[in-house]
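Chains: A, B, C, D, E and F, in written order; residue numbering restarts at 1 for each.
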Amino acid sequence: MELPEVLLHERLLEFLKEDIGFGDITSEATATLGKRVNAQIIAKEPCVVAGLHEVKKLFEMLKAEILKSVSDGDEVPADTVVAEVVGDSRAVLMAERTALNIIVRMSGIATATRRLLNKVKKHGQTIRIAATRKTAPGLRYFDKRSVAIGGGDTHRFRLDDAVLIKDNHIVVAGGVENALRNVRSKISFTKKVEIEVKKPEEALKAAQLGVDIIMLDNMTPEKVRESMAILEKNGLRDKVIIEISGGVTEENISAYAETGPDVISLGSLTHSAKAIDMSLEIVKTD
Amino acid sequence: MELPEVLLHERLLEFLKEDIGFGDITSEATATLGKRVNAQIIAKEPCVVAGLHEVKKLFEMLKAEILKSVSDGDEVPADTVVAEVVGDSRAVLMAERTALNIIVRMSGIATATRRLLNKVKKHGQTIRIAATRKTAPGLRYFDKRSVAIGGGDTHRFRLDDAVLIKDNHIVVAGGVENALRNVRSKISFTKKVEIEVKKPEEALKAAQLGVDIIMLDNMTPEKVRESMAILEKNGLRDKVIIEISGGVTEENISAYAETGPDVISLGSLTHSAKAIDMSLEIVKTD
Amino acid sequence: MELPEVLLHERLLEFLKEDIGFGDITSEATATLGKRVNAQIIAKEPCVVAGLHEVKKLFEMLKAEILKSVSDGDEVPADTVVAEVVGDSRAVLMAERTALNIIVRMSGIATATRRLLNKVKKHGQTIRIAATRKTAPGLRYFDKRSVAIGGGDTHRFRLDDAVLIKDNHIVVAGGVENALRNVRSKISFTKKVEIEVKKPEEALKAAQLGVDIIMLDNMTPEKVRESMAILEKNGLRDKVIIEISGGVTEENISAYAETGPDVISLGSLTHSAKAIDMSLEIVKTD
Amino acid sequence: MELPEVLLHERLLEFLKEDIGFGDITSEATATLGKRVNAQIIAKEPCVVAGLHEVKKLFEMLKAEILKSVSDGDEVPADTVVAEVVGDSRAVLMAERTALNIIVRMSGIATATRRLLNKVKKHGQTIRIAATRKTAPGLRYFDKRSVAIGGGDTHRFRLDDAVLIKDNHIVVAGGVENALRNVRSKISFTKKVEIEVKKPEEALKAAQLGVDIIMLDNMTPEKVRESMAILEKNGLRDKVIIEISGGVTEENISAYAETGPDVISLGSLTHSAKAIDMSLEIVKTD
Amino acid sequence: MELPEVLLHERLLEFLKEDIGFGDITSEATATLGKRVNAQIIAKEPCVVAGLHEVKKLFEMLKAEILKSVSDGDEVPADTVVAEVVGDSRAVLMAERTALNIIVRMSGIATATRRLLNKVKKHGQTIRIAATRKTAPGLRYFDKRSVAIGGGDTHRFRLDDAVLIKDNHIVVAGGVENALRNVRSKISFTKKVEIEVKKPEEALKAAQLGVDIIMLDNMTPEKVRESMAILEKNGLRDKVIIEISGGVTEENISAYAETGPDVISLGSLTHSAKAIDMSLEIVKTD
Amino acid sequence: MELPEVLLHERLLEFLKEDIGFGDITSEATATLGKRVNAQIIAKEPCVVAGLHEVKKLFEMLKAEILKSVSDGDEVPADTVVAEVVGDSRAVLMAERTALNIIVRMSGIATATRRLLNKVKKHGQTIRIAATRKTAPGLRYFDKRSVAIGGGDTHRFRLDDAVLIKDNHIVVAGGVENALRNVRSKISFTKKVEIEVKKPEEALKAAQLGVDIIMLDNMTPEKVRESMAILEKNGLRDKVIIEISGGVTEENISAYAETGPDVISLGSLTHSAKAIDMSLEIVKTD
């Protein structure tokens, strides 16, 4: 998922506008117009870099330029120069904070995704780490993209691209069967149907009713295993995609991965992303 | 800092739009139009609640309503019902994720702010905990407001509301004196001037040059103390506001607070906010 | 698929703005401010009505009101009063053209969809009539919604909600197998994969490669039948959804429906929609 | 009427955004980044081409390019290459549908306009074919421009650029004289005044009251002729512009043209435009 | 010309946003939430009031209310209470400056228009005072509307609603005849054609070529009279509208009015509008 | 204060859009596409030029170009060519009015600011002339920037960048002390606090309460002098910035300047700006 630059432009403009207001009065008062500088964006801790595409475009919008950089998705050690910027000193100083705010958040999400992915891969090469819709308000695109750069699965982009019947839908519909009754006829054939279940027998029922994906929600690894076994026994394991969600942490993810799911999703990837420590340093002036 | 509802409307609309797309196809297929439900937003861990004002407006935008709630800024224990919502089932389900994404982030920031504030208050009732401009892209207003609700100081809103001369400005200007030379004449009398210094003697020079605020950047508590002492000795401690920034953590903040600064600021409050665990549960249907 | 009113508001505002400019100078010069009128929107030919939800909101935006109306999706004979409006004469006159432009287009699309659906239902109750992305620029939501109101399938909303590998993708990728190679690993597990094929043997290959949907593109009914037979013979017919597309018209659709596909899609539903003849007549003034 | 590119940019961006969402996931998965392709836009039926200016700009927005093309307004036979595109395969694939949706609609409108114009020109070189405000919602500019490219008259752009007193205005005002009473004093001297009449004697009255344009609404050719005769007899035919509107079709337009009007306007030009069949074919890859 | 409230909302929102930023921090710190106040908007000098419609809507957007007021277009003496406002103290204080900025500008323009109109009416009841396109950037609607409230003619709203061939067009076209040659065929029959001339003989030529309006540009009253005489003599005075423009001031306008033109237009009405002195005073608190 | 071009673009686009509508129909009908012209923007009266940066960008947006020009802030005599433009004749003609509307307003404000500044400088080199928030609605940035170019102080940009307690706040709070009570604790340490006082003793109280800036509102020069004397006597004159505001005119400003304030602010600089007389003349065509 990657927006063309002409659409990315709009989003970055919002970010710039909120920071700039009527102008960067500090830089106007301290930096001579026309003085060019070279600067480096430095990652101070090991990370998976994400956001370079965005930051590159951001600097270009201010007529500065990224001369060279590592690539989105690269794993780098501490103290790596992830990008070298050149441009008018005022432009570089004006963009500094917005650029860093983007790249430190995106890299934070990508790094967490990659770390978890590496953990689960030990238990199954094809297990996916997926994001949820628990993204920062307004940042759905950037948060999901960061997960993708980290190697994760983006899951649904929004409420219109797949059906996901959650506990509250089931309550409102009056049970799993009721909830699923109208879905097939009302929903486009182009969309998958997923349902969230809390018990092994519900997983079985859902599979029998023909859903595409079953989310085992807030189950212990034991309950997950039990669900798998019932599906297997009924010859339905291969007919559905199994997603584990709820209560998964860095600590217990291996236990979940061992149960052999297709997907493990975590809201924390995006709602509690820890930023990567990066800074922009001017290394040369005219 | 609080936007009037008519302006908040616009921002919340963006958040809704990114999640809704062409419609909530799951709720349309599972929930009967016109069925009313009661739901609760529950905080599953102790926290300072922030975002109720926003969430109240969000539900109203979809013609649902918050019947009662705790107040923004309240400290609540785990398992508190922070708000009770009533409305058409489709509206409540459609708003659920956006509402939660707002309130879990804002409460996460407010909670961290309050916790740090309580720590430093032991060392000085008037020490402020301040945010920085290290906010999530596009969320400057919401992140700063969360800090304020937590009891913190919002610091600059953007690049145009005060002068803050940072290391890169000094590099570009060619030293502290050069950087400050034009500031007074170029900057409106309505704006304060802050400068970032890395050494005690720079703090002294800055105070002698008449800045309003001195940021002691990335100093150890010892260096901070040394800076304070030099200012004190020169009769300048009361003439300036002292802000400590850089490298402050939950662990070492008390050591910094003991040095007697006016303000301690932390980027982590906003760039690495851990979301509060909350959920929305439908508790009654027609 | 239905936008909440708060989002629909934005779209309707654009439509109003383009028609109003600086004001409805004719109505200001001819209608006394404060004079209330009753008006009727009349369908002058038999049709499936679509757009009432939108038009109701539009009049409300100008403080007029729809007192009663038929329902979206209703089939009505010629000369039916589809809605009764009441409001200030200037508001009703100002909204007239925008309201009609919406409802005549949406009803035109819904009517064509229903008519084709009725034709194919004779050959199979579950065959779907689907739209394509060949909608009027900027009107994707309204065009797709009209198809849904008519009883049709909305198909993809946009480029990000399902994979559809078309002829040009296959050319660029260098063949069907190449095109499909990366899809599974790169695409979220929440998305279906469809591929367009031009020959029966390609359909077989696609089914063997595990796609979810096969689009038989621009085939004659005979070729469609041949494709079905090959799939059937290989035990793959039930594993895939078959969509017929390209070259389908009102005249030949029955021949296609007889072949037993799951879906027949037509661009003409939306790109060449014939508007329904409707007018707004003021029937009473103060 | 032609928007400068900087304004056209905004409109095309909306069209792109609605189709792209978070990205063209199919092309990302099937097309190698950096691979360049050549493509052709081919008209599969004879038509008057319109929309090349827009499509050229659209491809440029995605960094692709139109190498050569016919010109807006050109009449071309079936199977004409109307434009040759070159660019990154992902850009070309991403823009394909939006570009085609624009050009097939615009060409459809231009083609219908030209065809009718050619019909009426046999009866009078100066008779104009005009559009109405019955355009697709949000597409007023593009629909009117298509009519202009086809050789037609754009008529009013919106409610503020000329006065057109229609039947409902007359009802609200209480008659033609009342309706016209305030118009002259309230309306800027820069605007023309048109009135819609349903009977020959009303046409006379309107001309006597000094309107600039008379719309003979829903009259038979005989009634039109009668209206002309009365005006002629009273020496007023040359003082007013006569526009025939309502009930005009491809079949009866010649009969209307024979009556010698100045203008014949048709809503169907824009509200029921049949798209021209065009496709984009990749003809060469790197 | 009057925008419906739903469109006015958008414009006023922009004005509020630019003044409010992240909130009215002064009022938040000084006014108790929930305290209601009564306030008056007072005109401190005699004027024609304009902008009440806008200001009423603005206060409503912040949930305050205008209880009573004079009417747009009223002439009031110094020290008139033009509107009484009631609402939450924070809302009233927050809106104060934006509301005043609107009403003082609009009233300033309306007052100047009325004053000039009264002057010219002594010389001819039907002479119009007209605005030009010399409005403040972004304020075309508000400036033109103010002129209309003052009793003036709005002239063209923008470049697309009438043809006005100015000196630079004539230079580019290579003379008046060339400039007019294509106009008739290229321009919709719904639009008037005006041309700017600098000499009496050019006025004659323009009239002979059939323009609707002739602008006598920067002529002395004598030259205007001469132009009128030539037209009269050739029986063309009644065929065209005569607009005097350029160099007209409060001082010399009577001399121009005496020559018997149809319209006198002045850029100064809008580009150099002197604001009316008004203030908002809180007269009662809870 | 200077917006980067990428943000300025957005604002200028609004200005263009309001003037262009669907296109410059006059230029399309009179100017041959592709014909290049040279034009001059000429100041017809002595002035301080402001707005060149904006006008340069505006022409570039239409693919025309400013070849050479004086600089923003330059004082020029009557009949100076302030800028030379070259470009396609249609682009230059289309931009003409918008460009002039910007530069004549901005130069008008800059010129008035400079003139007043020169007056007060005779009485004290460091006295500042400041703008207020009394700017034209929507033009806060451009009006403030014009003041800055003229040599003035921009004062507050909006309600969130400094505290200014005005008479109405004091009324609502119940006195100066009440108004100031919460300010220090509620307001960020980065913001200055200003208060408006009407009597010398209030000035003293405000200074004793530690405000940063005191606005002497609507005082006579005598009362100002009295206020200064009380502050001086209490050793507080150097602790506060003194701003005179209200009732200052070109005539009496010297009398105020003589009292030795730090700042004199005038709403008239921006709310009643008289435009500079400038025109754009085409001087050469292809």
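We adopt the following convention: contacts are C-beta pairs under 8 Å (C-beta built on N, C-alpha and C of every residue); 3 or more make two chains touch, one makes a residue touch a chain.
Here the structure is a predicted model, which means the values were calculated and not measured.
Asks: Treat touching chains as neighbours: how many steps, at the fewest, connect chain A to chain E?
Replies: 2
Asks: Where the centre means the average of the CA atoms, what chain is farthest from chain E?
Replies: Of all chains, A has its centre farthest from that of chain E.
Asks: Measuring centre to centre with CA averages, how many angstrom lie between chain C and chain E?
Replies: Roughly 45 Å separates the two chain centres.
Asks: Would you mind pulling out the distance in Å between where the CA atoms of chain E average out and where those of chain F do?
Replies: 23
Asks: So what's the Cα centroid distance for chain A and chain C, whole Å?
Replies: Once rounded, the distance between the two centres reads 32 Å.
Asks: Send over the residues of chain C in touch with two or more other chains.
Replies: 1, 20-23, 25, 28, 94, 140-141, 157, 160-161, 191
Asks: Can you work out from the touch definition every pair of chains that touches here?
Replies: Touching chain pairs, listed by label, come out as A-B, A-C, A-D, A-F, B-C, B-E, B-F, C-D, C-E, D-E, D-F, E-F.
Asks: So in the complex, which bits of chain B are touching chain F?
Replies: 1, 128, 130, 153-157, 160-162, 188-192, 194, 213, 241, 243, 262-263
Asks: Spell out the part of chain B that touches chain A in their complex, as residue ranges.
Replies: 11, 14-15, 18-32, 35, 37, 39, 89, 92-94, 96-98, 100-102, 104-105, 108, 133-142, 157-161, 163-173, 178-179, 182-183, 186-187, 191, 267-268, 271-275, 280-282, 285
Asks: What does chain C use to touch chain B in their complex?
Replies: Per the touch definition, chain C meets chain B at residues 1-7, 10, 140-141, 144-145, 157.
Asks: Considering only the defined contacts, which chain C positions touch chain E in the complex?
Replies: By the definition above, chain C touches chain E via 13, 16-17, 20-23, 25, 28, 61-63, 91, 94.
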